[in-house]
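In the two assemblies presented below, chain A is common to both, partnered first by chain B and then by chain C.
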Partner chain A sequence: MTLAADVLGPPAEDILPPLRHRAKARREHVSTAMLLAPPAIYFTLLFVVPLVVLLVYSFYTYQNFNFTAKLTLANYTEALTSPALRDFYFRTLKIAFAVSIIVVAVSYAFSHILMYVLPRAKRILYFLVLVSLFGGYLVRIYAWRTMLGRDGVVNSFLISTHVIRSPLSFLLNSNFAIVIALLNFLIPLGVLPIFSAMQNISPRLLEAAEDLGASRIRTVRTIVLPLTIRGIRAAFAFCFIATMAEWVTPQLLGGPLDQFVGNQILYEFGETLNWPLGAAIALTLIASVVVILGVLFGLLRLVTRS
Partner chain B sequence: MSRERHPRRRGVLGRLTARTYVALVIFFLFAPLLIVVVVSFNSTPNMNLHAGFSLRWYRQIAGDPLVVAAFGRTALAAVCTAVISAVLGLSGALGAVRLAKGRWRTAVFTIPLIPLAVPALLFGVGLATFYHSVGVGFSIWAVIAGHVILALPFVFLVMGAALERFRFSLLEAARDLGAGTFTIFRTVTMPLLRPAVLGAMFLSMAISVDEFVIAFFTAGSQQTLPLVLYGRINLGVNPGLNAIGSVLLVVTMALAFLAARTSVLEIP
Partner chain C sequence: MRRWQLLGITCAAALLATACTGNNGTTTVVGASGSVNPASCKGVTLRFLGLAGEDGKAVTKAFQAKYHMKISETNVADWPTAISAIKVGQPYDLMTVPMWYAQRMIAAGVVRPLATSKLTEWKNIFPGLAKNSLILGKSGTVYGAPIAWGDGPFVYNPKLVSSPPTSLLELLKPQWRKKYVMFNSNAVFDMLALEDGYKNAPLLTKAQFAVVTKQATTLVKNAQAFTTSYQDGTDRLVSGDAAIDISGWEAMVNFAAAKGTTLKYGFYKADLSGWFDNLGIPTTATHADCALAYINYILQPKTEAALATSLVSGTSNSQAVSLVGKSDQIYNYSTVEHIVTSQQDLLQFPNPTPPNTTPSGIMNFQDWNNAWQNITAGR
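Now for the complex of A and B:
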C-alpha cells in the first residue's frame, strides 16, 4: 500500500479533542471564522449581491433606451401580460417538458441496463458518459449544424444510401434540431443522479425479492423505482431548469419561430437595452420554474403515497 | 454457493437489445464530438467526410491573431479561476471541518452548491447588472470573478470528499509533537490534501475553458475562445471553426481526465 493510503486510511470520525481552556476555545472560534470568511464574503459579493441587484433593476423605469432608478411595477405587468412573451413562454415550456421526460426515460433505461444487465461493463460505460459531459457546450451545439444541415452528415448519408432523394429540411432550424441538441447535452446529466441512486440500492434487497418469487417487473416497481425516485426527481428538475433558461441552442439551431424565453431576455439586454424588463422576465421565468417543479413533485408524492 | 444470482440470467435476445441500446446512446453522445474533430482535419472547406487529411485549418487559426489572443485569455481565465477557487475552497473546507458535525457544517458544505441549480442565464445577467451598478467595466477579470462562482461547487464537493477520509488525529499528533499551526499546515494538512486540491483545480480549469454564457455577458471586448467561436458561427459556416472547436474539446477533456486521474471524479 502507498503511504497516502496508509495515512488516509478508512473513513474515521473526526477526532478533534475536547478543548481544554476557554481562551484556546475562543482562539479556535476566531480562526474558524477567519477560514470561513473569504469564501463567504466572495460568495455573497459575487453571487448573492448580483442576484439582488438584478431584482432591484427589475423595478427600474425604462425610457428612451435608458433606465432610471425610479421604481415601477410596469416591467412585471409587461412580463406577465404580453401576448408575445406568452407565446415564447409556452413554446419553451412544451420543449422543456418533452426534453426532461425523454432524458429521464433514456437515462433510466441506460442506468438500469448498466447496473443489472451489463454490470461488467458499467465502470467503463459510466466513465464514457462522464467524459462526454466535458465535450464542450458550444462546440456540441455547433456540431449539430454540421450534422443536421442541408448538406450535413445525416442528409448526405441518407442520400448516399438511397433512403431519401432530396435533403430533409426539417432537420435543422427546427424544434427537432433543438430537442436533439438538448438531449445530447442533458442525457449525461440525467444518467449521473439516476445511476448513483441505483448504485445505492443494496443488491441483497433485489436478491430477497427474487428469492421471494417477485417477477422482474414487480421488483422494479416495488423496490428499484421507489428507491431511485430522488435520482429521477433530480434529473428531471435539472433538465427542466436548464431547458427553460436555455437560449444558445434555439438561437443556433432553431428557426426564427422556435426561439425561447431566454432569447427574448437576451434581446432586452442586448438590443433594446431594456434591462429592467429583461430582469423582470428572467425572474418571473425562474419563479414559474420553481412553482411548476414544486407542484409537480407535490403531486408525485401524493401519487406514490397512495 | 458460487452461483451468480445477481444479475439475473436473461435471454440472448434481451442482452442483445440491451447492448444495442447502450451502444446507440453512447454513439449519440459522441457523434457530434467526433464529427467536429474529423471535419477539422478536412482538406476541403465543405463538410465532405471523404475529403483528404490536412492541417490547413489548424494553420489558419494558429495564424489568426484574434484566435491566438482569445486562446491566451482563455488560458489566463482558466488558471486564475483554478487558483482563486482552490484557495477559497481550501480555506472554506478547512474552516468547515472545525465546526462540529451538524447543521452549520452541513450548511457550509451545501450553500456553495446553490449555483449549480441557478441557470447560467440568470447568473449571467445578474452579474452584468451588478457590474453595471457598481461601475465595473466588462473584461476578462469580470469573467474570472464569475467563473470562480461556477467552480466553487465542484471545489467544495471534491474537498468535502477528501476531508471525509481525513484523519484529524494526525493534526493532533503533530501538535503534541510541538509543531506550530503553519508547520502543521505545510507538512501535514497540505500534503494530504494535495491530490484533492490539484483535482479541484483541473476541474475548475475545465469548467472555465468551456464556459460560454457568463463570458458572453461579462467579457465585453476581451473575448475568450468560446466567444470567438460563437461570433464566427453567427457569421456563417467556416471550417476553421471546427479546428477551434476541436482545440476546446481536447483541452477540456484533457483537463477533466487529469482531474479524474488525481482521483477526484470517483467512479463507482
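Now for the complex of A and C:
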C-alpha cells in the first residue's frame, strides 16, 4: 500500500467495480452493435431478403406468362429432373472445376515466386496484380473479343509469322475463349488469399527446415502447403462460385452450345417470364455449389489431417 | 431465440417485398373518357423505357417546350430486362411494346390498355398495325400505339459473302458452318417453318414441328454465336468474326457505316416476316394521362414522319407517308395498307411464337421452349 492509499483508503474502482464494469460492458455492446449495424443491414437487405424473395417465388405457379401465389413443388421437380437443365449444370460444373483448378495452380505458383524467388520485387509485382483488377470486367471481355477474333491480334500474329495459313476459329465463341477470359479475371483474385496466407508463414520455420536438410520441394510440401491451405481453399471457393454463377462471359465469348446454367436462368426470367422456374433453378444452383464445396473441403480436411 | 426472431423478421420482410414487387397490373384503361389532356404534362418528367430513339425525344421538342416537360430515357438492349423492370415495380410512364413481346407483356400485366378513342390520329394508323391481334387483349382492347414498322432482312458483310443465301435453309449446308450469328430465341422455329412452307406457322403440328426442330438443331450447331442485340450483331459483322446476321435490321447498315464498314442487307425468298413497335403505358406509370397525350402527339402525321425517318423505319400513320424522309422509302407500304383479317394478320406481321394454349395437335409455347432448351443444351 502506498501512502496515498493509507490516507485516502482503497481506490473507487475497488469499491464499485461491478457497477463500472457493467457500464463499460454496456458501452462496448452499444459500440459493437453500431459498428456491426451497417454491414448487417446491408447484408440483410441486399443478400438475405432477395434470397428469401427468390425462395418464395420458386414455389409459385407459372401460368400464361404470369405467376400466382398458388404454392407448388413443380418448379423444383423441373429444375432437378429436366435432362436439358442437367446438361447445362454439368457443362457449367466442368468449366468451373477446370477454371478453379487452373486459377489455384497459377496463383499458387505466382505467389510462391513473389514470396521466395523474387522477394525484392514482391511489392511492385503484388501492386501490378492489384492494378489488373481495376479494369472493368466487360471492357476486358470486349478486349478478349478483339484479341481472339478472326482478324484479332492472336490470329494476325500467327498468320504473319507463318505459323498458320488461315485464322483459327476455335479461339473465339468457344469454351477456350470463356476459360481464357475467366482466368484473366480470376487469377488476381486467386493470388490475393494465397499470397496473404504465405505472408503469414514465419521465415524461421523455413530456415529450420533448411537447417535440417529439407529440400525446397519437401519444405513446400510439408510446411508451406499445409500452412497455406486456407488461402487455397478461399481462392478455389471464390473462383468456383464466380464461375458457376457466370452468364455474361458465355454469352459474349461462347458459342451457341457453350451457354451456362446462368444463361438458362436468364432465359427463364426474361424470355419465358417463368420467374418461379428461374428462381428454382437459381436456388438449386446455389444449393449444389454449397454441397459441392462442402464435400470438397471435407475431403481436403481429411487429406490434410492424415 | 434471438436468431429465430431475426430470421422471422427477415422472412417477413422478404414476403412483404415479394408482395410489393409482384406486379398485379393495373387494367384500367388510360384516359377512359373525354379527350387527351396535354395540360397534365405541365412540368412532368416522362420516364421512358425501351429502344433508343423510340421515345421520340428528338421529334417532340415543341411539345416538350410548350408544356415545360422532359423525357428521361432508359434504353434497354433486350426486352426481358424491360419486362423485369416493370414486374419488380420500377416506375416508368412510357415504354416500347415490340410486337414480339406484346402478348407476353399484356398477359404478364406489364402494360395498361389504351383509350384509342381519344387518340385523334388512330383512324389513320394503318389497319395492318392498329388492328393487329398482337397488340390486342382478350376483349379486343388495344395495349400499344404503333409507331414504327419494318421488314425482316438478314444483314451481311459483303467482304466475306460473295453470294448471299436466298433461303434460311441454305445455311444448314456445311459451307455456311460458323459463318453466321443469330439471336438466342425460339422464334427461329417460325422462320424455318415459313421457309418450309408451313403457312399456319407458328401454329405447327407435331410432325411439322419435328421437321423444324431438326433443322433448328443444325442451324444452332452451325452458328458462330448468339448475339445479344442488333448492335452486338453489327459489331460481330464489322470485326469479321461473322459473315451474316440471320435476323437483322436495316439500321445495322447505318451502325456499321459509322464505324467505317460497309454492310448490306438482303431477304430470304420465302420470308414473309416483318416487325412493328408500339408505345405503351406501363402499369407502374404515375403520369399515365400525360403519357397518353404524348402518344397522341407522336402519332400526328408530321411527328410520326419525323420519328419514322429518325428510326429508319416505316411510318405507322397513313397520312405521314408523303412526309417521311428518304431512308423510310425503302419500305413497301402495301404490306400495311389493307384491312387485316386474322389470316393476313399472321402473314404480314406473324407472331413468331405460338400461344400458351393451342388447339389439340398443335404445339404450344411451352413445347417450343422445351425444344429450344434441348437444342441449346446440345441434346
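Note that in this section the second predicted complex is superposed on the first by the 261 of 306 C-alpha atoms of A that agree within 3 Å, B and C clash if a C-alpha of one lies under 4 Å from a C-alpha of the other, contacts with A are read in each partner's own complex, and residues count from 1 in each chain.
Criterion: a residue touches a chain if its C-beta (ideal position, glycine included) is under 8 Å from a C-beta of that chain, and two chains touch if they have at least 3 such contacts.
Everything quoted here is computed from the prediction, not taken from an experiment.
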Partner chain in contact with A:269 - chain B first, chain C second, else both or neither
both
Contacts for A:65 in the overlay, against chain B (first) and chain C (second): which applies, first, second, both or neither?
second
Please work out whether A:173 is in contact with chain B alone, chain C alone, both, or neither, and reply first, second, both or neither.
second
Which of the two partners, first being chain B and second being chain C, lies in contact with A:149: first, second, both, or neither?
both
Would you sort A:259 into first (chain B), second (chain C), both or neither based on which partner it touches?
second
Between chain B and chain C, whom does A:199 touch in the aligned arrangement: first, second, both, or neither?
first
If we overlay the two complexes on their shared chain A, which of chain B and chain C does A:84 touch? Say first, second, both or neither.
second
Per the contact definition in the header, classify A:53: touching chain B only (first), chain C only (second), both, or neither.
both
Taking the superposition on A as described, I'd like to know which of chain B and chain C A:286 touches: first, second, both or neither.
first
Footprint intersection on chain A (chain B / chain C) at 49-51, 53, 56-57, 145-146, 149, 151-152, 252, 266, 269, 275
Quick check on the complex: what are the chain B residues that touch chain A?
5-8, 10, 14-15, 18-19, 21-22, 25-26, 28-33, 35-36, 39, 46-49, 87-89, 91-92, 94-99, 101, 108, 111-112, 114-115, 117-123, 125-130, 132-133, 145-146, 148-149, 152, 164-170, 172, 192, 195, 206, 210-213, 217, 226, 229-230, 233, 237, 241-242, 245-246, 248-249, 252-253, 255-257, 260, 265, 267-268
Contact residues on chain C for chain A in the complex?
10-11, 13-15, 17-18, 21-22, 78-81, 83-84, 87, 103-104, 107-109, 178, 182, 184-186, 220-221, 223-226, 228, 232, 239-241, 356-357, 365, 369-370, 373-374, 376-379
Note which residues of chain A are touching chain B in the complex, please.
4, 7-12, 14-17, 28, 31-36, 38-40, 42-43, 46-47, 49-51, 53-54, 56-57, 106, 109-110, 113-114, 116-119, 121, 123, 125-140, 142-147, 149, 151-153, 156, 183-184, 187-188, 196, 199, 203, 206-207, 210, 216, 237-238, 241-242, 244-248, 252, 262, 265-266, 269, 275, 278-279, 282-283, 286
The answer for chain A against chain C in the complex is residues 44, 48-53, 55-57, 63-67, 69, 82-85, 87-88, 91, 145-146, 149-152, 169, 172-173, 251-252, 254-257, 259, 263-264, 266-267, 269-273, 275
